[in-house]
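As structure tokens, here come the structures.
Here chain A shows up in two complexes: once beside chain B, once beside chain C.
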Partner chain A sequence: MSNNVSFKDMLVKGALIFNPVLIQLVGLCPVVAASTTLAGSAALSAALCIELTATCVIASALFKKIPRWVRVPLYLIIGLALICPVLWYIETKTLINMSLGMKIYIPLIAINSVTAVHCEQFAVKNSVKLAFFDAAAVSIGASAVMLLVGTVREIFGSGSLAGVNLDLPVIFKGMSLPFGCLILLGFMAAGLKAFINYRYGDEEETEEEAPVEDEEIIEDEIAEVEIFDEFWVEQPAEEEPAPAEKAQPQTAQEIQSSANEDIEDFFRSIGIDYYEKGDKQ
Partner chain B sequence: MNIISDLLMTALYTVFVQNLVLSSGLGMSEAIRVSTKPGTFGKFAVMISGFSVVTSILCSLIDKIAAMANVTYAVRAAVYGGILAAVFIIVAAAARFIFKASPKFLGTLGIAALNTLVLAVPYINHSAAYSFADSIGSGIGAGIAFVLAAALISMGSRILEENENIPAIFKGTPTMFLYVAMLSLAFAGFSDTNLFA
Partner chain C sequence: MANNPAKQNTIKGSRIFGDYLIMLAAPCFVAAWYHGSRFLSVAAVSVITALFCDFAAKAILGKTFHLRDFSNIFIGIAIALMLPAGIPLYVPVTAAAFAVLAVKIPFGGALHAPFVPAAAGFAFISICFKDLIFDYSVNSETRLLGAESLGSMLSKGKSVYISTANVFDIIAGNVAGPMGTGCGILMLACCVYLFVRRRKALLATIGFVAACAVYAAVSPRINASALTSIVLELSAGSLMFAGVFLLTDHATLPHNGINRVIYGALCGVLCMAMRGAGVFEETVCFAILLANGMRPVLDAAFRALPSVSFKRKEAAEK
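Let's turn to the complex of A and B:
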């Protein structure tokens, strides 16, 4: 794809329209299991940003000619090589008191599905610059969710924020458990869908209800989103031409409806089908 | 006899009481992805159990080395991760070059081996001070727990898709989150957890 895509464009799609956690349902483990406090979420977010960005850049620069079954474990090794020294330094050379959960879940970031999906779906097929943009955008999207989830769970699950006691009358400990996080994620996903519908709503509504002065702005936004189609929508394998009804989305409305598909169809487009189409190497 | 009973008890505990997917969120993304393919459940159960058991055994053996007794979690993570990566590469290379496995099979193998669930099992064995038999039971239980979670998610998501009463804005991923939350709550009930303080 073209190298002229701006970071802003990639950010809109990577962090918002195809948010890795809320829309793509990847990278759930650290969010659900470990993001119980704001500090913990910040640590996990930092680890994810560093690991995902570095791995995608390395994959884009070096791994394009390596078979996929060799590449995937390399992502794990790169992730561990990045995370473990930092974790070791924190454990041995600083006075930061990390919980046992953090010591276990931060290294697990190295094997996170976000990394494998984005390295395989995008980084190894595009330039280093675009891989960096994509990884940064996805990291921001995932980190935003983690930080918000960590904040809400700490307030309601522990009655504190950033370690400061808020003296709440009732503490709902269930928020610290995975199911509390999943309920929160469900409402956040619905909120995000509502926001995307509102921002990139269907064209009929736009034509009928939008004021004349807003039409150009909306068209600009649609055009910005269209730029990403060629890499976010999986390209059909040569030996398996895509059926006519699976044509790539061309407008913001189509992109939105693509994002709103039921989970089975969605994962067929981003994950399961990818594996089924096989390694082209 | 004690070894077999320990193994079975740990496996049952890992599947039903401490379901690693629904109670701990480990491998949840993969479980949701796999839930769309009910025909692959058996394959995943065998693969995840196999990788978990082999990795658990190797990590348990490594843990018995005196030098590993007091290492930091960072070093432990590097060792466990390295073992898992090595096991996967050996198995995938054997499948690719000896058994001429298809790329599709290697892709499935990658999903089964390289996920947070499989890598977390050795940590759990270590922190719970599991015996050798317990570690094997824990590995087997991880695979069964994964498939149980995927099957429950699969059945529920099919019913939810057909439900016309769900508001449009909640269709898809929001409903999936809420449904998995209910499953997670059900398993939390086994662990004697108070929801309110």
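Let's turn to the complex of A and C:
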């Protein structure tokens, strides 16, 4: 394993190209449900940074010899052990007012899929330094998205920013709801993907141009226009479409497997063996 | 293209939306008759917003903007018809912009969108501006029930004794409600036109209306006869309009004819269930969006069922 990877490379890849929220689509639940305000997003981001970085470093330092079936529950226990005292301290010893929703979703940060994925697939297979770099890069990427989403949702959904009323003439309550966040994340993901393709994409790769809408052809409708010379006809059963040369991933397991292969290729490209020998089935 | 035999049995997408625009002429006339310049201004703002958003988005994406793409005009007019007369102009602007930018453009156009853009736009503003969307107090002084709409009345459990004196007002849309969707007679006329032009699409409308009628008869919200419940439920809000214009959207209809009936019935049950249990007076757009999401499941689940479709004689002989 190579330790000569700079933090800048890890930051670009972990926070941008493989952004956990926008590209890998992991850990969406707290983002969608709880990042309705800037303050809430900041609390979620801080919790994620602390929990993910500490868990990945501990996993890299201590869990390499532990069997896999034991490791995964340990990640969750460590995450909760880190988060719950902080939450208790904020509740009882400070004057910070946390809403009921935040109280629910901050512990969920400890057991979200970002932690399990990055601990199991990277931290336990690499050095502590690389594990720290990876966790920090992923935390920064996820936190940036959370803060941006929280800012936009608070401005348009509540008409305020960080609790300060902006006196906007129109407020879109839908932006405070989960569907508003999902639509916003979709646009952000599309924008990030376009930026990645523009900045880091393969120049030989040409985008397939979508058909022009006005030239769109819709089949099987013309026969319905004239009604006077028609009669009912039993149509033959539809033939099953021929399988494509390369099947697209359909199930969640296949999609996850495909995503893992992408991550593996990325880390190999920067000189890191993604799996240890004999680890990959 | 004309020499390609595979594409001779086809029509362009603009023809479908052209048919919709022809069908929309009558509801627009009625809305302009009842509400005058108020409807015209709302419709104009909505259509211009849809056209501008489509133009801007295609300019950003580097695609060609076609004015013949009638889907923008259809989206704008359909949204305007479902709104009350006293609506502020920023509401149709929001709805049209959402329909085009968040539903139509990201999926490659109105013929590819998995959700009906106009329904999505109306659902969005229903959530964002609930108090404005269901305020029918403007231009309602001379209506049958004053400023109270049928949907509001049904949600409160209040009924109307239907007689020959008032039944025509109800089915002609002379009650408080959306500007251009309350006239059931016109909706039936539009169904006839749709039957001539795209009869397979009408299967979804049939399933939808039948399911709504059965649900209203079996589980009425008011203490009245089943027939009264059916008439009032079908006449309330934009139910019939959505069943004719939005539910028959080509991109979201199932392939199989039987699936279309099931799809419409599912949408009707969802709509009536949400009317009874939900917080919104008008739920048909939410029901359509939910049914849109279930359409691939329907296509997959009922793929094995036999299909019967209309074909011209010579096409069948070939």
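Some observations on this one:
In the analysis below, the second predicted complex is superposed on the first by the 202 of 281 C-alpha atoms of A that agree within 3 Å, B and C clash if a C-alpha of one lies under 4 Å from a C-alpha of the other, contacts with A are read in each partner's own complex, and residues count from 1 in each chain.
We adopt the following convention: a residue touches a chain if its C-beta (ideal position, glycine included) is under 8 Å from a C-beta of that chain, and two chains touch if they have at least 3 such contacts.
These numbers come from a predicted model, not from an experiment.
In the superposed pair of complexes, A:11 makes contact with neither chain B nor chain C. Once chain A of one complex is fitted onto chain A of the other, the partner contacts of A:128 are absent, as it touches neither chain B nor chain C. Looking at the superposition, the partner that touches the larger set of chain A residues, chain B or chain C, turns out to be B.
Look at A:173: by the touch rule set out above, it reaches both chain B and chain C.
Annotation: chain A residues 170-174, 177, 183, 186-187, 190 touch chain B in one complex and chain C in the other. Of all the residues in chain B, the ones that touch chain A in their complex are 22-30, 32-33, 36-37, 72-75, 77-78, 81-82, 84-85, 88-89, 92, 96, 102-104, 106-111, 114-116, 119-120, 123, 127, 157, 161, 169-178, 180-182, 184-185, 188, 193-197. By the touch criterion stated above, chain A contacts chain C in their complex at residues 169-174, 177, 183, 186-187, 190, 210, 212-227, 229-235, 237-238. Remark: chain A residues 22-23, 25-29, 31-33, 68-70, 72-73, 76-77, 79-80, 83-85, 87-88, 91-92, 100, 103-104, 107-108, 110-113, 116, 159, 170-174, 177-183, 185-187, 189-190, 193-194, 197, 260-264, 266-268, 271-272, 274-276, 278-279 touch chain B in the complex. Interface of chain C with chain A (complex): residues 7, 9-14, 16, 63-64, 66, 68-69, 71, 90, 94, 102, 106, 108-111, 124, 127-128, 130, 196-200, 250, 303, 306-313, 315-316.
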